[in-house]
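First subunit A sits with subunit B, and in the next complex the same chain sits with subunit C.
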Partner chain A sequence: MVELLSYKKFYDEPLKKDEPVSEEITKDCYTVFACRHKFCREVCPVYQELRNESYTSYGFHAALLSVSRGIESLGNMKETITYCLECGACELRCPNTLFGGDFYKRRTTTVDLVRKIRRDLIAENEKPNNWGEVEKKIDQYKKYYNSSPEEIRQWAKDLEIPTTGDTILFVDYFTAFQETVTVRTAAQILMKAGVKFGVIERPGLTLGELYETNFDEWLAHAKETIEALKSAGAKTVIVVNPHEYVYLTREYPKYMGSLPFNVIFITEYVAKLIENKKIKLTTEVDIKATYHDPCALNKFSGIWESPRKIIESIPGLEYTDEDPVSQWYNCCGNGIASFKELHPELSYRIGTSRLRKAADLGVQYLLLGCPHCKDQLSEVQTKSKINVEPIHLLEIVAKAMGLEV
Partner chain B sequence: MVRHAIIKYGHFMVDPDDMQDVIRQQELNEEEIERIVKYRWMYLDWMHKRFADKVVKPPE
Partner chain C sequence: MTSILKYGTIDDKILEELRAIVGDENVFTEPHHRAIRASVPAPFPLHKWSEHTPDVVVLPGSTQEVSEVLKISNKYKIPVVPRGGATGLADGAMPLRKGIILDIKRMCEILEIDEVDRTVTVQPGINMQELNRVLEKLGLWFPDDPASYPVAVVGGRVGTGGWSLVGAFGGHVPDLVLSMEVVLPTGDIIRVGNGGGRKIRKSSVGYRLKDLFIGHQGTLGVVTEITLDVFPRPEVEFPAFFGYNSFEHAYENAFKMTTSGLRTLGAVVIFDEEKVEYLRRDDEAYIPQPKSIKSIIATVMYGTEAEVEGAKKRLFEIAEKDGAIYLGEELSEGDWASRHDRYALPLHGRRRSDWQVVPMTWHCEDAAINHSQLPYVRKRWHEIASRYIEQYDGVFDDWGMFMYSNPPFRPWGDYLTEIDIGINELALDEETWEAWVNMKREIAEVVIEVEGSISACHGGTREGDVEVCVRQELKDGQFELMKKIKKMLDPNNIMNPGKYMLDEAYQEG
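Let's turn to the complex of A and B:
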């Protein structure tokens, strides 16, 4: 059972414009403000582009500390706090986490703080520029959620997948409606490997934008998802989208306790199927490729070995590795929630930097483990014409299995 | 500096009594603690590979 619990309950108390910042949050900000190392800067993909210290973990904590001391007002943080991808690099690289988190049982939690401040500012009607784009996205996903079961399962129309089973493939609305190739490929791989699985009819919304906008609504959707998975008889839930994996393993247990089923990411599952010879990779895939570690897997979930095991077992593939620690510095530019809607140009710049790093390795393909990375980097590649093609790792696995996808 | 350390989940950890007055501990489960430890070793190994050209022995 994977459950990575890191929870500061005092973040649940909302910040309000005309009320003092609580003592606990003030002390929390001091633990980062007191640091002179500022390792959070160099590892931050936004800082690498803009070189503005205000948009770092140090900057966010210092800004809130200045609010607590009456030097600044909370409303003035509304633009600053949008300059975070929520990739998790800063909080992982922070010595409070990396060198003291386990010893003191207290770590830096910048992403939770950023989400909290964004949510509290929206509740206070302090909306940043471009916030309309975020609201549009939330409305679009609500339309997906209210679609008919046939529309929600359109991606699998000819695959005949049941709606119940011990093993459930969790399909969120992004992969069901937008990046459908990834989940369709995953389903076809599992079917060829002889795995019996189902897909629930209508999950709740798992959207990050909703999480940092309206917590109660997001939680109601989370409960609905868990109930739907329980009703379907799930004992094992296979997740294709790393963002949803983070919600299921890190966020839901904070508010709902341990989940009544095991959650496993698709690359972990497929790597085991390859090891147990349930998947046979027989077709040569003659390409030169490297792998991009998605933030949600590499920085949040500790998953970097299984994608590399899979890549190593693909015949014909010439692989150049960039190690996972070096990739703490990377992000595709999409971010975990609202970043791309709020800063499309900056998102593009971060994406081009990532593709250029891959191009410098002399490869043709950038293998991905996340449908959001694929969506973002495909868009960046089309616009920038950088000569590296982003492709999901599962599509290469399918080719090596001789599957037509 | 901590006054007392204990061993929990196989790792050294500050005595929780020492974390009551100034900064309190948060909820961190065993898996998250193991993850931090694993990342630390990875990071130290990464630093060592990149920046260390020799290992200095302690004085006799």
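Let's turn to the complex of A and C:
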């Protein structure tokens, strides 16, 4: 796995409306402003729709630099800073990251900065339009969290999965209550391959919306999750939702150090099972398909190879690849945290652009590696009637294994 | 001299009218939207940020909207500064008199591809990478290849009279524009081309008015539609890099290469000794060479397989006969492929006294210089830079020089010559900004001394350059004529006022 951990501790100090911006933040923003060549702009899925450079990595860093110079006040950024999917493309494409970031320990960290500004503005009671939708979502997830153990495990009701084990399949509340097909499929694939695994009874909330609103509460939930995994006996944690994978591999270690178990993404695990002949793909799946790299996997975690390996091993499948670097430009439109609640129409536009790109390749199916992408693109497909069907690649694996899911 | 013009103030009524034209969602007045559009990549006086911050940002979506905005601006006498990709290095899109920033990036459609007559018609907000992604599916190529290839937009390339790295093969922007739709400062919409033809490449009819709207830096109107020449995609792109033991050694060999008569040569680029030293010291994308390599020539060839196969033998003979060392496929292909990322990083800035990293912005001072004058210009430019670095260590740094074959469709005779200077903008104040402007002035004066042109690719519109440009380079009647044309087309001086000192056209006394 590519090591992408880059933690700027000086982001932890909150920005306040009427106080000066620290020298470190100023320098951090200047390092992006000083480039001004704006590769970050072109790769941004929001920019590709709106063509407004205020809503780009350059725009955010330059805007905060203008706050540091007394030209703007922080509160005025509250709407602007919501126009970010937190997909991570800009910070990867930034020459500071590509050519010197690690060496100089000055990698561009736009997503962290956006998250920080949002959180600091909420703390200052500067809430953007539509904020009620985000609060509603947080409340909904708190209800999920407070549900009974039976409700939380409803998705697996007839599968008889234990609550402890060396290997734990990590199931977050989105996949337990909303996009349940993916995690159910994953569990059935693992069972058929003979993997012994458990699912913990009640994880903490991992919600991105909470992370960029109330850090302390989010961290308390994070600690609860880690504790639950530990007490279940986890040595290996398999993750199905790429957003959760990012929290477990990149965000939690920032605040808690390295975790006491290995974390592995489902496609890495399944690709190994196929390689080791534990999974046999025997049924022809006669479709034409391409693959959408989820932002949290491709841009944050450097995982793009294992999904392709899996797809290429499916018998009968005619695959058209779009390479992972070109896919830095793509996003399903859901974003990592509150984007869709705040900008539903824009989210839909980004989704339709993604589906059209796939349709241009002349395929019937767009294979996905992320339940959020599936939820979003299925909705977009239903509404737009673009003639490409989004489907999770695990569902195709199950078909090729002859599984009824 | 006093100005005979006074500008209006943008009040709520004018904002209402602008919103009625482009929609509420495309008019921005909050300070950060305006502040981030104050600068381009040229060194920016951060200590005077507010002076360059426009009053309002407008994002038009059509020719008609541009025309309506200009009519309002003309009526109320409000300055308008067009902004394209904002990757220019001559401050073309930096407001000098505030007013409206007309950000044209929403206008980014490909309107027509004509595979028979070999043209593409686009709106101004599309960039070359986006355009070529579509053209390549049809076996076509728009050969404009600036360093800012993935970010600069066609409208800005036209407005600055852009230069292409592979111009010796495919020509530069002025050679590739066949016709354009232009909105004049009064809001009138005209079309200029070769004669009246939209897709004609040569005509003897009328004045060459098309050229007036290429490189005007937004002072004469706004281009809203452009018909461009497109090439067949070359079968082969072949980069080859050669190493030399001194700049003089490379310089002599470059003469033989550029005058060889090889039509496939798309570019010949000399890296001087300071540039190679800088790359060796700091550029992570660069594959280091042995210390004996002090200077480099990068070449690239385009053409059919048969053409390039024959030509490359000849090129290698020319290089090897002079003792040049071929630097191998890895460097040649790798460095050529990464040419659009070959910007210096802010973190490559160094304070000479203790060699510490100081974040600096990269700036390229460019000029068109004849082959015979390159060694002299190189010596003088480095001397000038050293003097300022010595005085203001940690504010300025010298990142070496490139010399690129400059003419369109042929590589000989003159070079786009650039010295790359690092500038720590966070440390700028009145004194250091003045020092920077003086450094630029001195650099430009060397160009006048050798009868060059002070910019081959950016424009002569920046503080420090502009006086040299107007008072010295264009002194034999050209600037006088420019003022008359400006006043005729833009009676109220609304289009990018202050640029090229054209305010003087409206002064009396």
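As a convention for this text, the second predicted complex is superposed on the first by the 401 of 405 C-alpha atoms of A that agree within 3 Å, B and C clash if a C-alpha of one lies under 4 Å from a C-alpha of the other, contacts with A are read in each partner's own complex, and residues count from 1 in each chain.
Convention: a contact is a pair of C-beta atoms (placed from the backbone, for glycine too) under 8 Å apart; a residue touches a chain by one contact, two chains touch by 3 or more.
On a predicted model such as this, the values are computed, not experimentally measured, just so you know.
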item	value
Fit or clash between subunit C and subunit B when superposed on subunit A	clash
Partner chain in contact with A:L92 - subunit B first, subunit C second, else both or neither	first
Touching partner for A:K8 - first (subunit B), second (subunit C), both, neither	first
Subunit B versus subunit C as contact partner of A:F103, first or second or both or neither	both
Touched partner set for A:G302, first subunit B, second subunit C, both or neither	first
Partner chain in contact with A:I71 - subunit B first, subunit C second, else both or neither	second
Partner chain(s) touched by A:Y255 [first = subunit B, second = subunit C, both, neither]	neither
Partner chain(s) touched by A:A62 [first = subunit B, second = subunit C, both, neither]	second
When both partners are placed on the shared chain, which of subunit B and subunit C touches more of subunit A	C
Clashing subunit C stretch [against subunit B; choices 20-28, 56-64 or 236-244]	236-244
Shared subunit A surface residues [contacts with subunit B and with subunit C]	27, 31, 98-99, 103-104, 106
Footprint of subunit A on subunit C - complex, ascending	28, 30-33, 35-37, 39-41, 46, 49-50, 53, 57, 59, 85-87, 103, 105-106, 108, 125, 127, 129-130, 148, 150-151, 283-285, 341, 343, 345-348, 357, 359-361, 425-426
Touching residues on subunit A, where the partner in the complex is subunit C	26-27, 30-31, 34-39, 41-42, 50-54, 58-59, 62-63, 66-67, 69, 71-73, 76-77, 80, 95-96, 98-100, 103-104, 106
Partner subunit A, residues of subunit B touching it in the complex	5, 11-14, 16, 19, 22-29, 31-33, 35-40, 42-43, 46
Subunit B contact footprint on subunit A (complex, rising order)	2-9, 24, 27, 31, 92, 97-99, 101-107, 109, 254, 302, 323-326
